[in-house]
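Structures for review follow.
Two complexes follow with chain A in common, the first pairing it with chain B and the second with chain C.
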Partner chain A sequence: MARKTIKVDYLARVEGEGAFKVVVRDGAVKQAELRIFEPPRFYEAFLRGRSFMEVPDITARICGICPIAYMMGSTHAIEKVLGIKLDGQLRELRRLIYCGEWIESHVLHAFMLHAPDFLGYDSAIAMARDHGDLVKKALDFKKTGNEIMTTVGGREIHPINVRVGGFYRVPSRRELAPLLDKLKAARDFAVEAVRVVSKFDFPDCERDYEFVALRHPNEYPLNEGRLVSNKGLDIPIEDYDETFEETHVEHSTALHSHIRGRGAYFTGPMARYSLNFDKLTPTAQQAAREAGLGPTCNNPFRSIVIRLVEALYAAEEAIRIIEAYEPPDRPFVEGSVRAGSGCHATEAPRGICYHRYTLDDTGTVTFARIAAPTSQNQPTIENDLTSFVGGWLDLPDKELQHRCEQAIRNYDPCISCSTHFLKLDVDRG
Partner chain B sequence: MSRPLVIGIGNIERGDDGVGRQVARLLKHMLGEKAEILEQDGEAGAILAHIEKAQTAYLVDACMSSAPPGTVHRIDAAEGELPLSSSDLSTHGFGLASAIELARSLGQLPAKTIVFAIEADSFEPGAPLSKDVSDAAVIVADRIRSELEGTG
Partner chain C sequence: MGKKPRLAVWKFASCDGCQLSLLDCEDELLAVAGAVDIAYFPEATRGEIKGKYDVSLVEGSITTAHDAERILDVRTRSRVLITIGACATAGGIQALRNFADVKEFASVVYAHPEYIHTLETSTPIAAHVKVEYELRGCPIDKRQLVEVISAFIAGRRPVTPAHSTCIECKLKGNVCVMVAHGKPCLGPVTHAGCGALCPSYDRGCYGCFGPQETPNTVSLSRQMAALGMSEENLKRIYSTFNAYSEDFRKERERHGS
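Take a look at the complex of A and B:
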């Protein structure tokens, strides 16, 4: 093979700053590295010395797209220390605000970042010229997700109404009611959207992943459940640290996660779906079947379909919660401030988001640890690329680059969260 | 006929990033109810939702190029595409230029869409506007007032 280096200085439509390098020798992929050089952000360090009450609002700043994931992980972990367990309408409101985040995050990624790959455009702006109606409806769907965030959380980006023990203020029925018609329209569009993206041309590929997600006996997982996998893992969240390990690799400022003694795993929509299909609503299950999906899916390129099945689920779940909503007597539950450690994981749009905190007897944070989903998926992204590029070496350079970028976007990676932009460097030797 | 729309974009807590909002505040005093004047943080979806209903829109934001701080750039969106940086196309960085170009693609760009971009000096958290940028805010507010009142 001729010696060749392919370099892309900027890979758009991913979050954050990083690079990707593939080394090819004698027609075989020798090395695939997702190189994240985003500077570390030191959140865990500057949480130390802060009151437990500040943690949800500080951790929300980790991400402008999925702040709820950080607020939910931190509140639940701290509530375990304080002996608080939410139920009833406060628990439902937490599911509701998370549905808002899933909708805005999934719809934005599916239509503004990922769909252009399949429809042959270099951006959503170019795609909108030919598919204006679809883009308008998608933007309306996303807006409805944002409105849930604003109504329950006080504002759409970095909400300010979530606190340890519940909320600072709970919405009235009258405040939630205007969301219903919008959500019903969004649900109808979601069914159409699943059908539209299911007709995209997907590369044939089946990968042998270990999917890891939360599983709850009664519901599709958002805030609660056990950590399970398709390869026998079934543990309480408290066993996270002894089951998963984070290691530093030279080419990334984000730590890589592995299952101890086993290796890479895959968290996020594909894992949730494949481990919890039976917990989706009948409409979401039917939409998935009509889209050609079985109860599990191992083709990462079809993740766009699954994101929209989940967005459909989130719209239906939000409708259910709002229709049954009765404002709770109190917006929050008080706990007893005491020393101790607590951990929790919730299902962020991109997968498991794990938090552990230790508090002293004044409620001051003495230790904090946060594992973001993209950090956990890095080794699997590299494995995918190693696997795929081998089959794509006959492609022209431009097409090969595009396929690699698309493979990375399957994961909706949030590099900003995991420690920001991707460079692609294919060295063919 | 809808009122003209002015959106000042930025974060008042981040030094010169707040200059768009400062222009909006100055214009509220100058124009009162003659225009719909909004302050926004710059999220494209929200900007799009506002401009799609307008016939005339002025958008004011801070910018960083190689020009001296306080330099005022006036861009008429009707004259062509806005210069997009590739980092503008991500879920986290989906900003003003994306909103305008998406509105154009969707046929929702107001007939008259003018962007004033003011060259920033510093985005230091908690800092006030720098002197040159603060002076430019007054100049831009007065230019928008003049254009809207037909005296410019």
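Take a look at the complex of A and C:
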């Protein structure tokens, strides 16, 4: 036998269009390829010539699941050109809307896309027939995240209220107040949800990753921080381009990222958690410990637990912000339009999302570059497949294929974003 | 009671936001799933029922030769085909390539443009196959989505008003952002559906639901110019998520090539 191919032509329960192929020769994995065939949409090309004020509304459309990530990355990068730095309640409101997106995206992935793998269902809808109460509570949690987005942003998908310098209109205390009871119920469910998923059967798959995430002295990272890793990286966001490089490989419309001279790295919830455990709230830390997690985690199959720990954190952080909220005097800060270049990275639900823009003296974009988290993780996903599949070769094809799919879904790959990204073939020859 | 209708959800070039709207119907999702067989929805399920579908929801625009073939197959297998969102209905933001050189675009984004296989244009689904119903918006409104699915299951026409966003805004009792605050607003020419969101947040509508029927864009542009909007910004405001819709495209061309 010696030769075998495992192939999935259209990965299910991921956002966007991808596939994968694993080639096995003489009992060893020869090649693992994550293919992204999401058609390119050329954002970085058509952003040229747009006014800086249009950019966040346009970049939101890169991804329907995490539009806030693309709005936060672009607004912060442009604000650096215009000399704007938000503080106080405007900064807090930006954290609040991002908490909404983390909850919506993490709960969507954990319960609608990922949990069915562990419980043996094709979908959350099928899962709901036997676990109706759990799915219903998860949907309520997700809805609460969406309600934060809607209250602060106008709507959950492609919010309309985020602008360079802040917001078009800021909410009143009364508008935010109804969220509190829902968030408190969500927090209680999140503690239970962490416990439920921690009992899933996780394959014993650990690797020595280089985790990269933002780190901030005072808070769990969302919009600000330095880029750090568990292997000694500690740089300001401005050094991103000289530290990371993107390469273009033939099997993917998504670009692959590497640390120059070092190779693949890992971004997203597991990296963030492992580098910032000390910044989680006590409740989130305790829930993680009770779920059997240490302050770091190297098993990507456990990422579902970490996503829910982060969703728990986001619910508590949202409660904190709303309870202390006083509407700011003005909804936005104006900067001075001038020529220049600015970059920024924020922590999207799936990891670091990097933006760089150059503006001319009229505020028109002349250059744009965006690095999505999934394209940064793509080499690591391929390395996971290469390293894990060898131990699974005794499994029947159908199970092996499903296991490979899970190894990919661990990363909650968002292919629409990363195109700039996915297709499974296991070739056993 | 007969067999449950079979629903399929298809994706072409898009951000996934419109199909996510279905999963965002948290209160209605399990009810919808109870009323139909979700026969094909790869974003939500590994399961797949092969064969024909009673209702197909199509998200995204046609940008590759492969997708141009695939939509023909989707059409053959669908009794009713409904496009969801600005990409499927008007080509989406990625249709900005239709006014540019796609080779130049590819060279800006990719180190090896020769690996990229794409058409020179991004076109709506109706440019390729017959479409029974088009749902507007970038993204679609989830209440409208539930209405459209319910209507097609019941065999009636969906109730989705064709008037302008401006009417929705008046019905909502908003103070006009253009008359009172001099802010440019596409509400008078934009299809209803969002509930006049932007003016409710103190900003002008940016037209994400695309043109209403017979919009008077010429008159609106004259007014926005009187408020001080430059020709360049007039061209930009029609050049977003529905740039390739006929009415916005024509108005765009009036403000420079």
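In this text, the second predicted complex is superposed on the first by the 417 of 429 C-alpha atoms of A that agree within 3 Å, B and C clash if a C-alpha of one lies under 4 Å from a C-alpha of the other, contacts with A are read in each partner's own complex, and residues count from 1 in each chain.
One rule holds for everything that comes next: contacts are C-beta pairs under 8 Å (C-beta built on N, C-alpha and C of every residue); 3 or more make two chains touch, one makes a residue touch a chain.
The shown structure was predicted, so the numbers you read here are calculated from the model rather than taken from an experiment.
Once chain A of one complex is fitted onto chain A of the other, the partner contacts of A:I157 extend to both chain B and chain C.
Once the two complexes are laid over each other on the shared chain, residue contacts for A:V135 go to chain B and to chain C alike. After overlaying the two complexes on the shared chain, residue contacts for A:H109 are found with chain B alone; chain C is out of touch. In the superposition on chain A, A:I148 contacts neither chain B nor chain C.
Within the superposed three-chain model, A:S123 lies in touch with chain B and with chain C [touch as defined at top].
By the touch criterion defined above, A:R50 lies against chain C but remains apart from chain B after alignment on the C-alpha atoms of chain A. Set against each other, chain B and chain C differ in how many residues of chain A they touch, and the higher count belongs to C.
When the two complexes are overlaid on their common chain A, residue A:A77 makes contact with neither chain B nor chain C.
Residues 10, 12-16, 63-65, 108, 112-113, 123-126, 128, 132, 135-136, 139, 142-143, 146, 156-157, 414, 416 of chain A lie at the contact with chain B in one complex and at the contact with chain C in the other.
Residue ranges of chain B in contact with chain A, taken from their complex: 41, 43, 45-46, 48-49, 84, 86-87, 89-92, 94, 98, 101-102, 104-107.
Chain A meets chain B in the complex at residues 10, 12-16, 63-65, 105, 108-109, 112-113, 123-129, 132, 135-136, 139, 142-143, 146, 156-157, 414, 416, 421.
Per the touch definition, chain A reaches chain C in the complex via residues 10-17, 38-46, 48, 50-51, 54, 57-58, 61-65, 67, 108, 112-113, 116, 122-126, 128, 132, 135-136, 139-140, 142-143, 146, 154-158, 160-161, 163, 168-169, 247-250, 253, 255, 331, 405, 414, 416, 420.
On chain C, the positions that touch chain A within their shared complex are 11-21, 23-24, 26-27, 29-30, 33, 38, 41-47, 63-64, 67, 92-94, 96-97, 100, 102, 104-106, 108-112, 115-116, 118, 122, 138-139, 194, 197-198, 200-203, 206, 208, 233, 236, 240-241.
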